[in-house]
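Down below is the structure, laid out as structure tokens.
Labels for the chains are A, B, C and D, by order of writing; each one numbers its residues from 1.
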């Protein structure tokens, strides 16, 4: 019985662990310099201000959410390096919304109750924005969404009689009612497709886009021969495509994102349905082609062609230099522009010697409203509803394994 | 038990424990990190040099110091349950030290941060870890000691006072836990580890108090003065906005916890009492939310009619209850695991239907946004309120509303459980054939379980709709059903506080540990596995369930082979 | 009512697939009578109980309780006044002793869902009455000192008695006991016998399945022998004991067992008489 | 319309064959240990990633071009990963709960499922979003009258049917198969007869994992992309198929799978709601079947023992 303690497995383990730690202590050694990283040369005497991000950082949609976060981080880092906001260091505070409205509301409340949060980049999902908007609006915290495409978020449920919903809400992406019709004009008028099948993934983005597409395509004289919905997590589209094939369309418009669109295009060809698949900016991604997007497939995207846009190329180069684990994805460039809109307006609001306080929020809102700059997605500015004024859209086509700009212009209603 | 070991256990001097306590005190005073981090100094001055400011300890070092001193004192007394107390303190020290060590190593870029670097030395963490390990190891077998029982009875006023003070302490502990580490973000770069370290300290403290028998005594006391305890507890819950956690953010989180807790209590009836596994439960909450949204007068709702909130909530509950009966009806024919898949199927059908805007009632992919605030007596529920000179944060009215909701559902659950109906549910869970042979109409009882559970979920859903201001099918995914189930299991199946505790943990932990959000689901999955393996009865075990859920070594005499499902 | 037999089974047959488990078995039980049901393993005794209590729906035949035909559902049967215990004890293992008996009270309690939810005065009265009655019954079977134990922790004999208390809590007019003394030692068996007599004395009729023929012959007013699903003999213990067919029926068994049975049947009368 | 119907039937058969490979694992495990192994869908998913990993990191560049060498090796790689994960899962998560009430392993299975999904997302390079899967098989589709089927679809059906038949034969004929059936019927008696239940359970999990691994790789070849979510959805379908057919029955699982494949694809063209509601109809069918035949189409009749 006396030796009991020594035989104790806990003790033995602890001794071994301590030994291991002491041995390892001489191994890796890393000393970091004091003070803040890259902003050493800037004056940050007034402390730090925060740009919040609300996006899904966990779960199914985290690939898109992490792209949003990293791109906003890039904007903040660049701003700090350039001493964009005099006297302050900027920090990013990314919050997970788990792609659900109630968690998004918690994240928004958290950010809104921090007086140093100047603005919020987010959200990805329109439904999360619906719960985030009123919370941020109550505290006059500016919100710039990189990804909400539902027109109702800015203009209200009645689009024929638009009314701005929250004067804190802005977005750098275009709403469905530009992108969808622009695609319809191209497909019907320019490409001469008269029998079009529409497939959506039933989510806000895809469905809204498809609905606007259908309106304009019908107006342009095309016939919508079939409308189908695929499941959010479906990967075998043979059932839907066989049904579509029966309607013998000469093009398919897909409202949704590239992870489904690529395989869908490929499976369509597999079933002998060799018609182009067209989609919105959700499928304008190199991965669409990796996943099966075929020659001749089309996508619309906001802004002038990326090949012509130095700011877009710079963004991609800078992002890749950061060696992020996650790709910037469909909304990275928008997120970068959104963060820059907040930062740029903040710099203007504070000027050279301004000090941040809650009373500056009105001025910041005004400055965001009048913000104008060239971003990674083209010109960034907002109209009276907070929507992007960047109505320049480009149609890209898959040509020898790459997206190539085919037509650029603005949708004129 | 041999005499030697008994003597060894009760002897006054415990060299190993004392050494552990001394090491802990030393660990608190030694430096922990060799340099200042990029994000700013680590809390409680991890770079503090030996003895340069021994009385200025704060944060985790203060916890360690207190634990070490407590262990030192306890080690030299004949306190009943001494071993248990020392072991709990040891675990606390170990947890606090481990959290801080791991964080310093990972954030400091390797072992250099906690050993030697550029001529600076920091061995605090090793000493702390060793101290905790010694305390735990020396008292490894403390479970053999009987838990001390406090026998003395108190006059009524004193008992009430004790309860009042204890529950007040609980309230403060909760508030301190919620605010530990701050809100995170730029202002508090170390929120995650500070919070975890605080949890370790709080756990050690509670474990130590439990070891003295104090907590059991208070538990018995509160059982004796049940009504008073319930009232004080309710008062404490309502008092949360007055503590340090009384800001809009925690009010919102607490409101969400409350909504899920109320739903989980409903699920607890179905799963915990009646033993019917439901994997699509969040659908009932969804139905309640969509009904309330449609009756809220929101511009996007199909009906566009505005019904006062209380009435809308009742209608939502009733409709959810009706769906509960519909979903529950196959339970008459389908047993056990088959039921799990049927309920999963119902959940998926609901989600798919809501996504496709069935009947124009759910807004489909656009959801139903801009649901107006609840308004009672001219008060908008999301606004800050001032009562007298008291400034209360925004969202506090929702918090009060939801505390009342949770209290109501808890009472409903408790009453049902301790009634003819509740006993019938438990009987069905344990042996359906015998329950029938005892005259219980099992079909009726099961449907009633679904009806009651769904009604509670529908009620919670109605509050959810207004609080979140938007109702989207995305809020009601399969994973939410699993989360609800996890809340029930984590808290303790079939117990009244269980579901609330489980829901609170499942919400608070991800909120406090937002910087690890990428690993949230990974940890969630792992936690489910570990709980089932090591503590299947949950944190607050039910007297009945405890016996049933812990894997048995001994079969009952002639235990019935369950009639095949 | 009093003129009708307490329990009457008329030509009950039960067929599983192609197997005829029971073939036209009839049984009659007067008020306050104890009837024994014996037979070798697989004779269909428990199947017969299951048919009586509605757990099985007999292929043909009918069961009357106090002259009224019983419905085919176990819950209804219990409500009508026919209660049972199980061969392999089936208590609710993680409920307390008292709660187990309260489950038996279920059918005699009136509180509906709303009353259970609100716990009003009427509910409290009913609950108190039920607990009182349950405690009486625990006292009756001698378990009142363990009412807060989990039933799984009771010793074997106590579990059997608890099952009887639970069945009695349904206020039955007829009680079916499936091997109430299985696995008991002689003292426990004797206590069980006394308990059954006391139950009978409260006016409840009892049907007992038992392997222990000695026990049956000293306990019962009448005995029915089932063999391979058929009713072989029915009569007073004396008549049955003397019937050569009964001895023969047990001959299909292993030698030791037959030996034991034969001994019991031939010598049992003297011992049994002294036991009474 | 006729052409579309024929096409949908063909699609349904291919989809059913895919589901069957997963459903067989569900049904086997349930038959032996009465556990709904929710994580079995994830075994299928990791199998697919195992095949992809084999292709990406193991196969030399020139072998990648030769499908009849590359594909079997990828299948092998996928199967190895599936089996390892499945056995680890059984050993670490389920075995300690062997005697626990049923709810415990079921919830554990849900936890394992979430854990594996996330582990792949976090730790497989770039698996945060869908990964292209190489088409290491004949890529020209087969056209049979009105019906067009990818060659990989035909392969899937062929492999699925052959494996199901082999499995049936194995369970009926082999020594281990008999041990399985004995354990399924009465584990206690089986133990008395000298059968080691642990061994039987391990073999059962392994067999399920082999089928799922094969299914995962063939899925990748057929669909041409995989992500960490494919296990859950297809797992739910597979489990539904197993229940539909009568869980525990090999024949039932296969037939249930084909029924589900056909219902899903025919619902696209025939039933109200069309493609938006196709899998709602699967679940409706499941509920209807369970309510009217609670043991599924081929399950054992309910036995009540008192």
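Basically, a residue touches a chain if its C-beta (ideal position, glycine included) is under 8 Å from a C-beta of that chain, and two chains touch if they have at least 3 such contacts.
Keep in mind it's a predicted model, so treat the numbers as computed, not measured.
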Practice item. State the chain with the largest centre-to-centre distance from subunit B, centres being mean CA positions. Key: C
Exercise for review: Select, from A-B and B-D, the pair of chains that is joined by more C-beta pairs in contact.
Suggested key: A-B
Review point. So, what's the distance in Å between the C-alpha centres of subunit D and subunit B?
Key: 36
Exercise for review: Could you tell me the distance, in whole angstrom, between the mean C-alpha positions of subunit C and subunit D?
Suggested key: 49
Exercise for review: Give me the residues of subunit A that touch two or more other chains.
Suggested key: 62, 66, 202, 229, 231
Point to revise | subunit B: positions in contact with at least two other chains | key: 352, 356, 433, 437, 479, 518-519, 521, 548
Practice item. List, in ascending order, every residue of subunit D touching at least 2 other chains. Key: 276, 279, 304, 306
**Study point:** Residues on subunit D engaged by subunit A in the complex (per definition of touch)
**Key:** 1, 3-4, 7-8, 11-12, 14-15, 18, 121, 126, 128-130, 132, 141, 143, 148, 150, 222-225, 227, 229-230, 232-233, 264-265, 268-269, 274-276, 278-279
Check your understanding: For subunit D, which residues count as touching subunit B in their complex?
Key -> 30, 34, 36, 93, 96-108, 110-119, 122, 236, 239-240, 243, 247, 273, 276-277, 279-280, 283-284, 286-287, 290-292, 294, 300, 302-306
**Study point:** Residue ranges of subunit C in contact with subunit B within the complex
**Key:** 53, 55, 73-75, 78-79, 84, 86, 88-95, 99, 102-107, 109, 111, 113, 116-119, 123, 126-127, 130, 150, 152, 156, 159, 166, 170, 183
Point to revise | In the complex with subunit C, residue positions of subunit B that touch it | key: 412, 415-416, 419-424, 426-427, 430-431, 433-442, 448, 452, 543-548, 556-560
Point to revise | Complex contacts: residues of subunit B adjacent to subunit A | key: 2, 4-5, 8, 16, 34-38, 108-118, 126, 129-130, 133-134, 136-138, 140, 183-187, 247-249, 251-253, 256, 259, 299-300, 352, 355-356, 364-367, 369-370, 382, 394-395, 464, 467-472, 474-475, 477, 479-480, 510-511, 514, 517-521
